[in-house]
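One structure is given below, encoded as structure tokens.
Labels run A, B and C following the written order; every chain starts at residue 1.
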Amino acid sequence: MTKTAQASEKRELEDLSRAVEALIFVSDEPVTTRLLSDVLEEDRELIEALIEDLVKAYDERNAGLQIRQVAGGWQLSTRTECHEYVRKFLKTRPSAKLSLAALETLAVIAYKQPVTVPEILEIRGVQSASAIKTLLEKRLIVTKGLKETVGRPMQYGTSKEFLLHFGLKDLTDLPSIEDFQDLVQ
Amino acid sequence: MTKTAQASEKRELEDLSRAVEALIFVSDEPVTTRLLSDVLEEDRELIEALIEDLVKAYDERNAGLQIRQVAGGWQLSTRTECHEYVRKFLKTRPSAKLSLAALETLAVIAYKQPVTVPEILEIRGVQSASAIKTLLEKRLIVTKGLKETVGRPMQYGTSKEFLLHFGLKDLTDLPSIEDFQDLVQ
Amino acid sequence: MQTELEQYSFDFHKETAEIVAESRDELKIKIGEFAGPLDLLLYLIRQEQANIFDIPIATITDEYLKFVRLMKKLDIAVAAEFLVMAAQLIEIKSRMLLPRDPSAEDDEEIEDPRKELVDRLLEYEKFKAAAEMLYEKSTVEQAVFARGKIDSDEHNAEINATVFDLLTVFEKVLARHKEEVKMEIHREEVSLAEMIRRLKTRLRSEGELSVIAIFTEMETRREMVTAFVAVLEIVRAEGVKLLQRKTFGDIILKEVRS
């Protein structure tokens, strides 16, 4: 390859990397590698490599922002270190925490999905109706159709909102439930 | 000044610069130097210097984003060079959210199908013409033939697209009030 | 079934439930929040520093009952599940006291009456730990912020609704519909006397009234009929005339001053 060709290829990669950064920024929700590769008409591997470089670049220059993987896509967000200033600026307080009952119910749904109300009752040992309602209203869980069993009870599962709220890449990002066994004994 | 003092001052400046970047990023509109200096409790001159450095840093690393002065404040935006990709990307996103009117109309159609325009009017109490047009355009509803009654009005029902969008196997999968009975009480 | 104990904010690291002071006439406790009977049981077992695989069932049952009684005394809604668990504990306790069946063969494994409870507790404890993990993750996540709005956002939000939204919206429409029907009934209750009074007041202040305008204002047929009768009544009894200025023109209700 001639030097000029190399130089032009480097140039093209730079343009591409800029485009990737711009698209991650404009997207109002985490953007998938697939969508980026469709829009930019480039291999997914190349796009992934460019994102990795961008992530590193943000980390290295100690920026106030970071590119991170969440809810199945890539997102530009502030770094946790600045949260006090940001909160002061936005005049927001940490949003209301979920109750213990809601958190437990959510944990059962996350690990057992799709799961019905009686199945949740079985594990928690207590009715979870109002917790489920709260979780539905907060869009942390969604209905997953009726179960083909007596009474056809409604099944529940976690939503994309759930992944976003807890900063998870996807459901496999959840630690295995069996790992908790070792912790509690 | 001792070396340690210098180092600690440098550290503080870095933190401050990160905060400035984060605040410009989270703001809904261009943010003024004055507001930044109020929130960060630092001199305006210092803030201005930090912003200048940030602007330069974005320019130098040939980023896809830029910090620019607009309408009397500072704003993070994509660089003009990427506009073609950005425009293409935004086009891939489904346009316009369902309005409350459209969602209401869709709910009535989903639960009462097949249903005619006068029947929808009867239930919603308002005209639904434009909502129905939107829903047809989004292919969430389809026509279901004429009703054998005075005026032979058109009947509407939900489409296959509707099932896909809401993650339903079929219409029997649509939750009923009874399914949420435990929750709504 | 009673409503569960719910919707207190809870910090795993700060809040615990503990008996603060216990004297003959007073029992003071600081209650955090128990997410259910299993949660309370785990707490009591830990409090006793007991082995979960060998629960001192008599002690734990007593403690448990003391707690439930206390909750009642303090007027804390005790969910039915807490009482069910109390009954189960008492049952296990009594089964433990039963002498071993002498006819049973020696090598036959006798099931520990506590086994089922222990299994449930172990299973529950895993999810309790998972809940704590979620709590920690959300705390970290609350320190991360997405960008502010930019111009293009307005034009490309996805359809953002779930079946739950669909159902809730439908419920609201139906409720509103019912409300409207109620209001209609209310309007229909306008009596003839009331209608006459209203028309007279308006005539007095406006001098004349268009009959067509009056009828158009009416929302239901019933009201229209009432208005019609009211007009006839006013013309018959009072110093009021009906005027029609041209053929097929509007009819005017006009006060005739004497």
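Simple rule for what comes next: a residue touches a chain if its C-beta (ideal position, glycine included) is under 8 Å from a C-beta of that chain, and two chains touch if they have at least 3 such contacts.
If you're wondering where the values come from, they're calculated on a predicted model, not measured in any experiment.
With steps allowed only between chains in touch, the distance from subunit A over to subunit B comes to 1.
When you average the Cα atoms of each chain and compare centres, the chain farthest from subunit A turns out to be C. The interface holding more C-beta pairs in contact, when A-C is weighed against B-C, is A-C. Taking each chain's centre as the mean of its C-alpha atoms, subunit A lies 16 Å from subunit B. Put simply, the C-alpha centre of subunit B and that of subunit C have 29 angstrom between them. In subunit C, the residues touching two or more other chains are 145-147, 150, 152, 156-158, 162-164. Shared interface positions of subunit A, i.e. residues touching 2 or more other chains, are given as 25-26, 76, 78-79, 86, 90, 127, 129-130, 136, 142-143. Considering their complex, residues 22, 25-29, 76-77, 86, 90, 93-98, 100, 103-104, 106-108, 110-111, 122-125, 138, 165-168, 174-177, 180 of subunit B touch subunit C. Across the complex, subunit C meets subunit B through its residues 145-150, 152, 155-167, 169-174, 176-177, 180. Chain contact summary for the complex, subunit B toward subunit A: residues 14-15, 17-23, 25-27, 35, 39-40, 57, 61-65, 76, 78-79, 81-82, 85-86, 88-90, 92, 167-169, 172-173, 175, 179-180, 182-185. Across the interface of their complex, subunit A is touched by residues 1, 3-11, 33, 35-39, 52, 79, 81, 85, 120, 122-135, 137-138, 140-147, 150, 152-153, 156-158, 162-164 of subunit C.
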